[in-house]
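Next, two complexes with subunit A in common: one pairs it with subunit B, the other with subunit C.
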Partner chain A sequence: MKPLLCLGFFSAAFSAPAFAADYASLPGGTFASVLPADTNNADVKLAPFRLRREPVTNAEFLAFVKTHPDWRRDRVARVFAEPRYLAQWGAADILGADAKPDQPVTQVSWFAAQAFCASEGARLPTWNEWEFAAAADATRADARSDPAWRAAILNWYAQPSSQPLANIGGAANFHGVRDLHGLVWEWVDDFNALLIASDSRDQNDPDRLKFCGAGALNLRDRDNYAVLMRIAMLSSLKAANTTANLGFRCARDGIGEGP
Partner chain B sequence: MKLSFAPLALVASLALALAACGHGGAAPSDASATPAAGGSQHGDFGAPQGEPIHATLTSPPHVPPPIHRDKPAKVIVELEVIEKELPISEGVTYTFWTFGGTVPGSFIRVRQGDTVEFHLKNAPDSKMPHNIDLHGVTGPGGGAASSFTAPGHESQFTFKALNQGIYVYHCATAPVGMHIANGMYGLILVEPPEGMPKVDHEYYVMQGDFYTTGKYREKGLQPFDMEKAIDEKPTYVLFNGKEGSLTGDNALTAKTNETVRLFVGNGGPNLVSSFHVIGEIFDSVQPEGGTVAQHNVQTTLIPAGGAAIVEFHTDVPGSYVLVDHSIFRAFNKGALGILKVDGPENKLVYSGKEVDSVYLGDRSEPNLKAVTAAAKAHAAGTLTKDEQIAAGKQLFTGTCSVCHQASGEGLPNVFPPLAKSDFLAADPKRAMNIVTHGLTGKIKVNGKEYDSVMPPMAQLTDDEVANILTYVLNSWGNPGGQYSKEEVAKARATPASPAPAGEH
Partner chain C sequence: MKIPVSLRIAFAALAMAFITVVAAADTRGRADALPGDSIYRLDLALVDQDGHGLMLGDRRGGPVLIAMFYTSCPYMCPLIVETAKRAERSLDEAARARLRVVLVSFDSARDTPPALKAAATERHVDLARWTLTRTDAAGVRRLAAALDVQYRALPDGGFNHSGVLTLLDAEGRIVARTDKLGDVDPEFLAAVRKATSTPH
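After this line comes the complex of A and B, so read on.
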């Protein structure tokens, strides 16, 4: 164990992304998304991809901001992040009392999240990649038909957000990925192509073809409230927005051959 | 860099484009209604005049003061969505999603013809995006698409209040049912241009049904139960979002000889309310918030997503109970409120209790004291014939007199007499068998033939049968005698004897 620990120390001290992020490999394949790939309710096809095992933390994002000062809250361009960006931190380069190092970073814009991922040679996951990973429970790749899976997600929605966010490190799912549910919302690369109607009731509106966006107005699995609500949340956002419960994790193409 | 365009802008602009079409309001059918009362085509009084007004919003059960204005104005409404844990019952909490921090949400009051600039704010620590659909808005979605708001953001849209009335507003973000079930509804009053008749009290009451994973009154923070919501089986049905919100110290108040106006809404999400005030008759109801009033109403139906204005005059002091008269909801799910009316008694209208005396019902509610005494005496081994007769008389009243009559005379040609019965006298023991096993077919009693069915009186105990028969045998000119519990037990255990043996 000792050599590993040393490696970890050196990596933390010297490598450009301050923390060697750990990615899980996911097989991809055909997947029944709640948002059909086309008007014929087709399954989506996913290439193999890698996904961060955990959401990006305050400590990781602080390290990023230190090496990329353009993304400090006092220097970021307003078009890339609204005024609430990182407002929970003590200062532009200090976490302070209200932001614990191992809490997921929140109040980050889509632009900032994307820049962070680029800094570690990664990108934001697509909605379908995120959805594929999050369909798992501890033992199954796709547990979505299990009422218990759904109930666990709805239960998080029922918790008031007056309490401080928990640290990352929840139980790993089938793919070895943690905290997909029950901790924070997460940005996805194509969040603004999901568009469910902002008035959710007009799903058979004859005008619907006027809308662009892969999700348009028809959800394939309308009973799947738990997932629907995440899409509704993402649909309400603009790329410079930040919220107290919205974080992110990164993804990479292909099958992993390194950290 | 990826180009990020905002899809919502598209939706919003489409909504605005369609809003111009509106929907034509029907002309009023009630000739007594003022022209302005009828429909959206009569509700536009031109451009807003004077400085913009910031609307006063109130928490339930309070209603903002009446509007005394004779010109249309621009009214600015600022409503904040707050997600917070609140008590739903004693020792039970629930994560409510609220308009303005209360369930129901803040009461909004504007005047017909006003231009309302609506600001919907979603608190920074909210988890969910929210929007608002005001039923008082003419335009697609009632404002929903134009007000879809992420946490920590604010949306603005403007509408002209063309139709007067009392309207529900609610959140319409997916899943709509869950947002409503979590308390996201309230009322907006669009006053008629001439204002509303003056009353002494106005109150805001809104019913809603709630779905928790735990049982009714199960303690602790209770999560929302989607299955129960889909099945429409609420754990709670409540006025103003909390059991006890309108009872005890929170009761609504009035004095005698006052007029009370209730704005009663129903947020649902599922149930329709049979709104009733126990002890009052509504002098006037505007059902569904419409313009034409109904008078002298006992119970008024309030649809989910609907509201009514009810008015009454207080004549007699006391506590008046607001209920959903689908009555298990009131007493087992919480849909109860109190209006406490103070003042001098008015005995001419209502006397209060004038007589409190024992009422000896002749059949339905016999006084069973003697039955208890007889049972005790039997247990002690001291049972006398008189005790048996006393107990039997009371039991006879409850069970037998329905057919054989309290006089024992029976009914000619249908139920044979027990009084001076030759059939009974011929074989008193046979009676035990008939009571425990029943009797079907032809018999002749006192010279007349009867052909009907007496079912076995299986609900009576041996002891009760013995007492009843002892009473019968010692009444109405019958020969007298006594039956014991043990004899009845024996008869019950013996197969039924052939019926028509009594013909002689």
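After this line comes the complex of A and C, so read on.
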């Protein structure tokens, strides 16, 4: 096998991006996640971070595949991506008629998304970072309590998924980030940390114990279906899975040069 | 579809994994022949209870029981260890000698080799067959992803996690998996017996 992507701990802040993707700077701070940070429903604390303004496109992912041929659909190891990986492309290195350059790339696994972000000196956002960015509307950093914000997202969920995906470039939100809602679902780094499950200890059957630790909690803000549906979807995925409506964008630590 | 009356969830501290890429040249030579669905393709670098570096793929060549745990875990992790020990004990001596057990800690911050060593002693595991290991936070995330293990860092430094035992074949492919702890799932045990029944 060729030299393979793997993960280091310290060099992210120092590695130069392979090409200049456009990132917005987000301030972080305390944030009322639907997944509370502790048993007292504490807010989560987010360091400042940067987030790609738009999801990764077919054209960008094609460029990545050409320079990282281990991620071609005809070469990728099955442990990293299921057979439907990039199935919408015309060939392993050709987008073809059904995959437009400016559409968000979909049919990508978590491992593939992670490798792409690493190739530009970035990483996948955490759930809390994604949730923070996606809480905004055009004028407010946190529009989640607005019924109109929720209704717009739920309306998107209700659209049939048989339509071709639109190109990236929807309206920018408060942070200058586009397409967080209304285009594709997106991988997050800690998709396998969201732990949606019935608390099996309620069944009083230690053989069925699922989770170790201080205890499962109720979700906060459980009427926020717009957000909870996304958590439920992410929790149902395995890292090699791909779907026709699941793409990603990348994130970086720190403040950067400003928006 | 049956939906639980309440969706419940474990809570988390914010565990930021700093992800980047480093080229890891594969020096073992045989990796080209690894099957595409082998977990060993992760090229996961570990450190064992004696402070020795190893690759997860070094266990290639025989069946492996692998699980994720952390040493300060009060309840479930001892149960994971105990379940693995029960699976071992149910094998005859020749079969037991063919099986290796690898535990990988969720706790990159605190599970140092001495902590792993102390846990091995406390749990009376045979280090001739067992290896207790740690990796970095990004490695934990990737291994958990590959093994379909869910986990979440807690504010007190602990973890919520699913308890899973996975059986790998000689090439690192997943052949069986169980989240039934305590008494060993009979189907899982049958898979372990089969995998260890003949030399590889």
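One rule holds for everything that comes next: the second predicted complex is superposed on the first by the 219 of 259 C-alpha atoms of A that agree within 3 Å, B and C clash if a C-alpha of one lies under 4 Å from a C-alpha of the other, contacts with A are read in each partner's own complex, and residues count from 1 in each chain.
We adopt the following convention: contacts are C-beta pairs under 8 Å (C-beta built on N, C-alpha and C of every residue); 3 or more make two chains touch, one makes a residue touch a chain.
These figures come from a predicted structure and were not determined experimentally.
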Q: Could you say whether A:192 touches subunit B, subunit C, both of them, or neither, answering first, second, both or neither?
A: both
(Q) Between subunit B and subunit C, whom does A:236 touch in the aligned arrangement: first, second, both, or neither? (A) first
(Q) According to the stated criteria, A:47 is in contact with first (subunit B), second (subunit C), both, or neither; which is it? (A) second
Q) Does the superposition put A:86 against subunit B (first), subunit C (second), both, or neither? A) neither
Q. Where does A:119 make contact in the superposed view: on subunit B (first), on subunit C (second), on both, or on neither?
A. second
Q: Determine, under the contact definition given at the top, whether A:134 touches first (subunit B), second (subunit C), both, or neither.
A: neither
Q. So, A:110: does it touch subunit B (first), subunit C (second), both, or neither?
A. both
Q. What's your read, subunit B or subunit C touching more residues of subunit A?
A. C
Q: Once the structures are superposed on A, label A:244 by its partner contacts, choosing first (subunit B), second (subunit C), both or neither.
A: first
Q. Does the superposition put A:161 against subunit B (first), subunit C (second), both, or neither?
A. first
**Q.** Shared subunit A contacts, counted only where both subunit B and subunit C touch the same residue
**A.** 110-111, 114, 189, 192-193, 195-199, 207, 210-213, 228, 232, 235, 238-239
Q | Interfacial residue positions of subunit B with respect to subunit A in the complex | A | 1-2, 4-8, 10-12, 14-15, 83-85, 95, 124-129, 131, 133, 140-141, 144-145, 148-153, 172-176, 178, 223-224, 226-227
Q: Within their complex, state which residues of subunit C touch subunit A.
A: 4, 6-26, 31-32, 34-39, 41-45, 73-77, 79, 136-139, 141-142, 144-146, 148-156, 158-163, 179-183
Q. If you look only at subunit A, which of its residues touch subunit C in the complex?
A. 1-13, 15, 35-39, 42, 44-47, 76-80, 110-111, 114-115, 117-119, 121-124, 126, 128, 189-199, 206-219, 222, 228, 232, 235, 238-239, 253
Q: Report the residues of subunit A in contact with subunit B in the complex, numbered from low to high.
A: 84, 110-111, 114, 147, 150-151, 154-155, 157-162, 185, 189, 192-193, 195-202, 207, 210-213, 225, 228-229, 232-233, 235-239, 241-246
